[in-house]
Amino acid sequence: MGDSERISVGIIGASGYGGVQLVRLLLDHPRLELAYLGGDSTAGQDFSAQYPHLFYAVQQPIEAIDLDKIAERCDVVFLSLPNGLALKMAPTLLERGCKVLDLSADYRFSDLSVYKQWYGGDRTDDAVAETAVYGLPELYRDRIAGANLVGCPGCYPTASLLALSPLLKQGLVDPGTAIIDAKSGTSGGGRVPKTGFLLAEADNSLGAYGVARHRHTPEIEQICSDLTGHDVLVQFTPHLIPMVRGILSTVYATLRDPGLVRDDLLTIYGAFYRSSPWVKLLPSGTYPQTKWACGTNLCYIGIEVDQRTGRVIVMSAIDNLMKGQAGQAIQCLNIMMGWDETLGLPKYSFYP
Amino acid sequence: MGDSERISVGIIGASGYGGVQLVRLLLDHPRLELAYLGGDSTAGQDFSAQYPHLFYAVQQPIEAIDLDKIAERCDVVFLSLPNGLALKMAPTLLERGCKVLDLSADYRFSDLSVYKQWYGGDRTDDAVAETAVYGLPELYRDRIAGANLVGCPGCYPTASLLALSPLLKQGLVDPGTAIIDAKSGTSGGGRVPKTGFLLAEADNSLGAYGVARHRHTPEIEQICSDLTGHDVLVQFTPHLIPMVRGILSTVYATLRDPGLVRDDLLTIYGAFYRSSPWVKLLPSGTYPQTKWACGTNLCYIGIEVDQRTGRVIVMSAIDNLMKGQAGQAIQCLNIMMGWDETLGLPKYSFYP
Amino acid sequence: MGDSERISVGIIGASGYGGVQLVRLLLDHPRLELAYLGGDSTAGQDFSAQYPHLFYAVQQPIEAIDLDKIAERCDVVFLSLPNGLALKMAPTLLERGCKVLDLSADYRFSDLSVYKQWYGGDRTDDAVAETAVYGLPELYRDRIAGANLVGCPGCYPTASLLALSPLLKQGLVDPGTAIIDAKSGTSGGGRVPKTGFLLAEADNSLGAYGVARHRHTPEIEQICSDLTGHDVLVQFTPHLIPMVRGILSTVYATLRDPGLVRDDLLTIYGAFYRSSPWVKLLPSGTYPQTKWACGTNLCYIGIEVDQRTGRVIVMSAIDNLMKGQAGQAIQCLNIMMGWDETLGLPKYSFYP
Amino acid sequence: MGDSERISVGIIGASGYGGVQLVRLLLDHPRLELAYLGGDSTAGQDFSAQYPHLFYAVQQPIEAIDLDKIAERCDVVFLSLPNGLALKMAPTLLERGCKVLDLSADYRFSDLSVYKQWYGGDRTDDAVAETAVYGLPELYRDRIAGANLVGCPGCYPTASLLALSPLLKQGLVDPGTAIIDAKSGTSGGGRVPKTGFLLAEADNSLGAYGVARHRHTPEIEQICSDLTGHDVLVQFTPHLIPMVRGILSTVYATLRDPGLVRDDLLTIYGAFYRSSPWVKLLPSGTYPQTKWACGTNLCYIGIEVDQRTGRVIVMSAIDNLMKGQAGQAIQCLNIMMGWDETLGLPKYSFYP
């Protein structure tokens, strides 16, 4: 394939927020071309019936999901569907030679028994699931490069793992002391009309949910266990914040060496993320604002050490729909295709 | 009935925003007592299953709607239901001796053909509808005092009519020049999960809707016609604002006498609303903020005259769920019962 | 003093958010009467020049701060000023026979060396400071009853201590494991124009600040130490949330007895707060939303136990300007006067 | 100059919202290069001291304003300063051969007596001001192409004039009937800390300001007069909306020909804006949301005709900091340089 040729891309689940982000990112990507938009409840509509502001940019209709047709037209397929649906489509698409990037939880777990425990349901695609790679490039860049099936991380796990990984990988903290207090904008709940996500309910308010039982917990734990080489349990609490986009993860852990200071950690993180263009380590004393990441694929990280308590506090900020979802999926695809991983992705937010 | 006795009140449609406002207002009202909470989809639940923050204040269950039982237990019934349902219940409740205050559009129109034209549907309760009084006390206080059935005004008509009425009543403007540009928080859309009212959609955005065809238009026109004695058409445009509560109506009209200045109008409005404790006329040069009215039954009015164009600009601010809905209904009931119309209603917002 | 007599109250620092809350609360309080509004930069203005929406309710001018005049007119004085100013006024006011409630940090510390370390400055009022009582009624009700000088708690300490105290008092957790991740609306920053608090900056964004060095830390630690009988260090991290009012404290701690379950803790908390009308313990499985507390003096508490990690997670929600500031000050005054501590304070929020 | 050469650009007033937008847009523009960042109060700081999220993208320091140095380094200078400052710098910069684009009001008026009447102050740069072109490309594209000095329009005039111009140019309405009810996010107030723009004050509220005297009025009237060939007075009312970015202008006018229907007007507008890539005319029955334009240089226009009243209602939505300010300035520069006017400007918003 020549340097100027474009890859044909299909997006299944076109009408949700994951879908519209992918469509939007494709519009600016120099090597990708939208070849298929698939949906279920919206099949037959124009895409702009769902998103009128893009009427001048996307003429594509949303088509009923037909795997044969998709495989015929697309080199790559993004599945942006509720949990439990991708696992019925991915095997066929892979067999027909498509690369598949799944944005749901279906292919995030190397051990399917964990998936079944937290997500329920039957599934018999173990052989396929075994080939899936967890799509967090900052940790698994090499494996992603060779993958045909990528299970893209959840939004919370992305922010949380980017904050925690250097600590765990270097053995700087006891993983059992790790507490992740995460805060997300309401777009994380998707474009599904639910009472609790109405502006009238969620605006000017704040609360935790899924305490001690949110399904992103085992996903975080799986990667932490992989990094440390032994089973890890983490404390993870998500909160709903009255804003549209953005996640802040505030991560606490007790340092094994109480002599470490902030600048030591900044050095260690700097080394860890040296080859990761999408992680931006903030200068000493600066903490991230989620708005800085909005509309970009960036993760901003700020670090503090509390000498009094011996704890490190790491704060990471991402756009939940970009680095936390669609942007990271494109980043993975860039790597799978052997392109620069920043290709076609937004680097600078508009502020304010 | 003695001075300290309480009136038994039923609320049908307990789980919506109108319902919860009424329940909340009853908690502070010295003469009203909650005797019945009726709902449809939520029947059988505790009220606090819908509104957990009031678990300590309201133990009442939500009951299936049984008109016999309601009439037996209640002196007064508030109907807070989607349009088209009250008209099936009010006749029976009135027959059984209840006073009825309807928060829907069903009893706002003296001419039912207008209702049918804008709201559709069949109805055969003309005889009952004829007895209904439009529940805007600042205009129809005396009639409300003698009413058994009150059709409580819509939120936009309340704000708009309080801004316009003195101009029309005194013949100061040509009604045909009146333009009402209204802005509402999203709670006006009710507690129904709809995509456009999700925080992720509505926050940080703004748009008009129902342009030239919103169903509050004929309601405003009906009262304007009543005030002027001839048919009036008004231009009314509602906008959805990224906030929870509040309506601002910005009303434009051309003055018949171009010599009138701001202070003349303040004097005229002052006289018009002299006996209306819930209308607060702002000092010269001050314009209302919706937040000032939030959590109160107040309507703040500010007035400006543009000498260059000969127009008067009147701005009115209310809390759409209070003076625009439940608060006004209680105000009407106070009047119907012969009590002070401010009884049990909040007068001061918490700011900010 | 007869049952119907009113107490004369002065408020110094009338133009800030603390001031306007106090003024607002006085308007509904049956035993308090506003006798003096004092300010510095706003002296000479009408109060309604600062808060136009109350023009019809408060005619009081803001006067220059004259301690003699204040003491003459007022039985009770609320000081709502930046840190470091109350300590120059309280001694005189006390000497003249006033009861003083200070909303700043000046009288929160029993050990002034802690104050000086975190707040700086010189002060020589040790003798007076020794008589001050920490104004958290749920812990120090009896001492407040006999006090003439009350140092009202900070907003974060109020929410955090109400969440933590039963755990510490009963020795259920190791205090060293306690992590407080707190989230506040921007009104906590006061009515001072600062860039970071502009809507354009703070809206649709989220970040931590003062990590490992916020001045509410020693205040929380002081009370924790008092409760446990030994020195306690806590991890405290505040975050700025894009909303006007409200604080949520999410508190983590490791249970000493891993066999305790959620309902055990609910029982223990229930007993602890049995006589505390302003603390509302949520039913099992319900977590607080800050909006539920808005405009009230309530603290809502929800509890979860994570059996996997052995940690308890306690969430407390308050209105930072009410239970976190002015409401709590009135609650203290109610206790000082021997009145019911709920007198004149709002119990039910308006929702949504 | 070769096709790949870059133009050197200076930005004076780097720390405000206009400045940061320009800096941000330059980062993506293929033909522009940042050569100078000038500021007053922030001179000597790194740009990232003001905007930490761009630390990795902009290493440029903010320098004291030295016109000689600027002229030496820059081919083009953007002045993004408070009103009344550009007029002291533009003459010198032009003399030294720079092209100048001013974002303030200083060069928007062809008749300086109008400027003096509404903005006050003395000025003696009439000769220079005469050469200035009003930077609204949709109306003055040709003149902009030949200009060395461009007075970039205000945010409200941009939205309002794009909505009104086809009506006026084609004589479809009586200009005297035009009413512009405009709504803006708070970033329009700039990065200056003012109480009314604090989140705690402006959030969850809404109000009009500058009624009948806002300084964008004569700017709109000047262009309307130019379009119609006679003096026009318009009614213009701005409102502050609780959101960061975006302006919606709702424009009302009475049609001269009551037989015109919506689709007629869509056709007329379509023809008028055929060569204007940044104006997007929405399909029949669709009205613009400001969010659609956010982060882009687009203006979305929706049209409705009210057959009952004979009025046309035109709604236009822009991002006040992009098409309403910095984006439009870059669009003008593109035209001045003979480039495609869409070069380097964002076309698609991120939604939601």
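Just so it is clear, A, B, C and D label the chains in written order, and each chain counts residues from 1 on its own.
The definition used in the following text is that a contact is a pair of C-beta atoms (placed from the backbone, for glycine too) under 8 Å apart; a residue touches a chain by one contact, two chains touch by 3 or more.
Here the structure is a predicted model, which is why all the values come from computation and not from measurement.
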(request) Please give the intersection of the contact partners of chain C with those of chain D. (result) A, B
(message) Centre to centre, using CA atoms, which chain is the farthest one from chain D?
(response) C
(request) Report, in whole Å, the distance between the mean C-alpha point of chain B and the mean C-alpha point of chain D. (result) 39
(request) Please work out the Cα centroid separation of chain A and chain D, and write it as a whole number of Å. (result) 36
(request) Name the residues of chain B that each touch 2 or more other chains. (result) 17, 185, 187, 191, 200-201, 203-204, 242-245, 289, 291-292, 294, 352
(request) Would you pull the chain C residues touching chain D in the complex into a rising list? (result) 17, 185-187, 189, 191, 193-195, 197-204, 242-244
(message) Quick check on the complex: what are the chain C residues that touch chain A?
(response) 176, 179, 181, 183, 185, 200-201, 203-209, 211-212, 233-235, 237, 239, 241-246, 248, 250, 252, 287-292, 294, 302, 304-309, 311, 313, 315, 317, 352
(request) Within their complex, state which residues of chain C touch chain B. (result) 17, 20-21, 24, 27-28, 51-57, 187, 191, 203-204, 244-245, 280, 282-283, 286, 289, 291-295, 300, 321-322, 347-352
